[in-house]
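Which chain is which? They are A, B and C, in the order written, and residues in each are numbered from 1.
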């Protein structure tokens, strides 16, 4: 029984989410919106956290994957399968977005793997910006003015259901034998290669997985705000995502979840003080970086759950 | 164990923060709460700030003379930061959290286009003070505006260029990030061609750019008689300055998006010679109600009002007038009352809402002389 | 076409000026200082605020401009030294990625702190030097401001080159860039060198800010983000540790941007620099003139 603790936990959580989903029409739309934002940011942050914390690759361009997911899902929802029932269409859009961003994750991951550390970070930043500019020039995706009238399908069940699935997936991945390979790659690439671990493949897989998370998060986002513009997914967004992961602390995913919650809900509480938000982000980043000497950025203690 | 504790901590943080959200302002029983979403910060900040000032002046005046139906009038303002996605969030908050009876905003058509469907679905009337793109009111029957629309503005500008300035060859420099700019360019082009003119070149830029020499040089090679610039003042100021730096001396014609004192500040009086633009309002209008407004505005804010301030002022008065006629703030009745507005005398002219929920109003053409926009002519619908 | 070239060069010389300072820090410390672009912004604003004062005492003209430039450079140099001391020195022995993240934090702090304090609205920068036309032919127009900016960039580059190659400070800088431990054994005070490097670099950025504001008189707290990034690309393109490289890199980016905007599509402008960056990093990581002493694989 104990061995299946996680499975049971996940199942219960899913049932709980399903029950909540029935209550959705009765929840005040404003709170609902904030809660959904929270769930989406959690998905995004977990994906990025996996990439950074478990394989030591830092991505400053994750908003690019988010936008790819958002735009591909929106495009599918707006133009295809119009006769099919909505939930099926949404699922198709989500799957499509995950697939497309995964492909891009693979494409962009490969050449980036020759680079490390800060070079990789800056390259991912470059990719993120290039993606944004390209979308800006594609009139079929609305160009610079953005894409609107996206059906509002995002709800409690899609967001939190996918979140739980995502957590479960990552957990099983990490605790499996295959998953140990990621840690080996992070801790010492040369040694890992020496014992026969295919370093490049692990790195690419990590990139793809985190890109899929980002893409699905982006798709959920698009179907929540119903209107997306390329400038929403720029450098600033990537930094916000990275900040959530960094401030969440080293290694442990629950830390990330706390920081995401704080960083998502706090701006809403402090709507009158919105201009302080980025300053607080910035100060926290600097302070955290300077005053955490013992815990190296990518050291982690245990697995996800 | 440690993990379980952290998980519990997370849930507590979650619950705590979500419940803290409920401690925010809700309207009390004896006041009428209007919602305002405007760009108080960002690239079109003067639009939002001006609108807000005009709005606030109207509210103060109304409250001083007894309020509306015996209740005080209040406004909840949200900043859109000049970004469309923020407009959506702002309007959501106003409607769902603050429960406003009507929403006033926005100046920029791109932001109004995003917010309008939200207001329409929620069944709350939205009154845009200055969005001129025709698609805004097409979003639904709860969406109104108190200004003219771009098909009219575009054709007025085309006529002005062709007839008053005797211009035959025009180049267009438009902002591709901006629904207003693209729409106005379109309407100008259609009418200008119809009047026998020629568009010899077209270039584009993005809101936020600062260097336009490449586009201007390419346009200069076409030897135009004038440049049509349907953009917003932040970029327009730099464009005009750089055009003059490149020795492009031809007239530059723009729309109401140019209306801001920043234009003169950044471009300088010399560069603004030979610059014309269309607008909703001018302080030089000697009509008594206009001068009364100008004096009151100057007394409160120590500066002269611009078109956005005047339109914000009128938007409030029109809404309040509709509330009075509807006898209350019931959304359906308010919507019908707004649609029935006829001959309302505002400081920007007589406002009558037509069947498309737009106002048919006159356009004033202004010309910059010594760094100050001076009245040139009025064109009636 | 020639006019476009001039346009590109005048834009590029601003990038080059920023790139000089960026490249100095990068060359000596191998550290990507994200906040460099924001020091550039600070320079523009310091000039904005000191211009009325200078005009009051010195009238309007070249002397005022020189005074304003001097004040900006000094202030930014001091700022650079302070940032180094407070935010970067504690992290000197940590992975470069940590320093990168910290520099992002400092950058955001300058940007949004600036926005908080000064308001996000663009300000109109006063015309300290009128842009009198030097050349005024139908096909070619050249104002005096772009010429001044270009001249100044080249002058500074020459100065930097001389300092790094000939002076004692330069020798010490090069020593630190090659091997910090050995340099300190030879009696070089690493702390002092690093602070001086930052100060010089920041001063150059401040100068860049003033010149940028002359050409594009609308300044706002977020104006440094993209020029900073593009200047970094210029440094990578020109090669690590190469001063002429940074200058050429800046010019090339400016020209390419202008040409792409004019002949391809204005909406691809911002992507150009990043395409160059990725191409260089993937195919010729050492850049144009740089030494390939960085292990990236």
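Keep this in mind: contacts are C-beta pairs under 8 Å (C-beta built on N, C-alpha and C of every residue); 3 or more make two chains touch, one makes a residue touch a chain.
What you are looking at is a predicted structure, and each value in this text was computed from that prediction instead of being measured.
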item	value
A-C or B-C, whichever has more C-beta pairs in contact	A-C
Chain located farthest away, centre of chain C as origin (C-alpha)	B
Interchain centroid distance [CA atoms averaged], chain B/chain C, Å	37
Averaged-CA centre spacing for the pair chain C and chain A, given as whole angstrom	34
For chain B, residues contacting two or more additional chains	41, 176, 206
Touching two or more other chains - residues of chain C	120, 265, 267
Contacts with two or more other chains, residues of chain A listed in rising order	136, 143-144, 275
Complex interface listing, chain A residues touching chain B	28-31, 33-35, 38, 136, 143-146, 148-149, 225-229, 231-232, 252, 254-255, 257-258, 261-262, 265-266, 268-269, 271, 274-275, 302, 305
Contacting residues of chain B [partner chain C, same complex]	41-43, 45-46, 176, 203-206, 209-211, 213-215, 217-218, 220, 234, 237-238, 241, 245-247, 262, 265-266, 268
Parts of chain A lying in touch with chain C, wherever the complex brings them together	58, 111, 114-119, 121-123, 125-127, 129-130, 133-134, 136-137, 143-144, 235, 239, 242, 246, 275-276, 278-279, 281-286, 289-290, 296-297
Chain C - residues contacting chain B, complex	3-4, 7-8, 10-11, 119-122, 124-125, 127, 131, 133, 136, 141, 143, 216-218, 223, 257-259, 261-263, 265-267, 269
Chain C - residues contacting chain A, complex	32, 87, 90-91, 95-102, 104-109, 111-113, 115-116, 120, 225, 229, 232, 265, 267-268, 270-271, 274-275, 277-278, 281-282, 285, 296-297
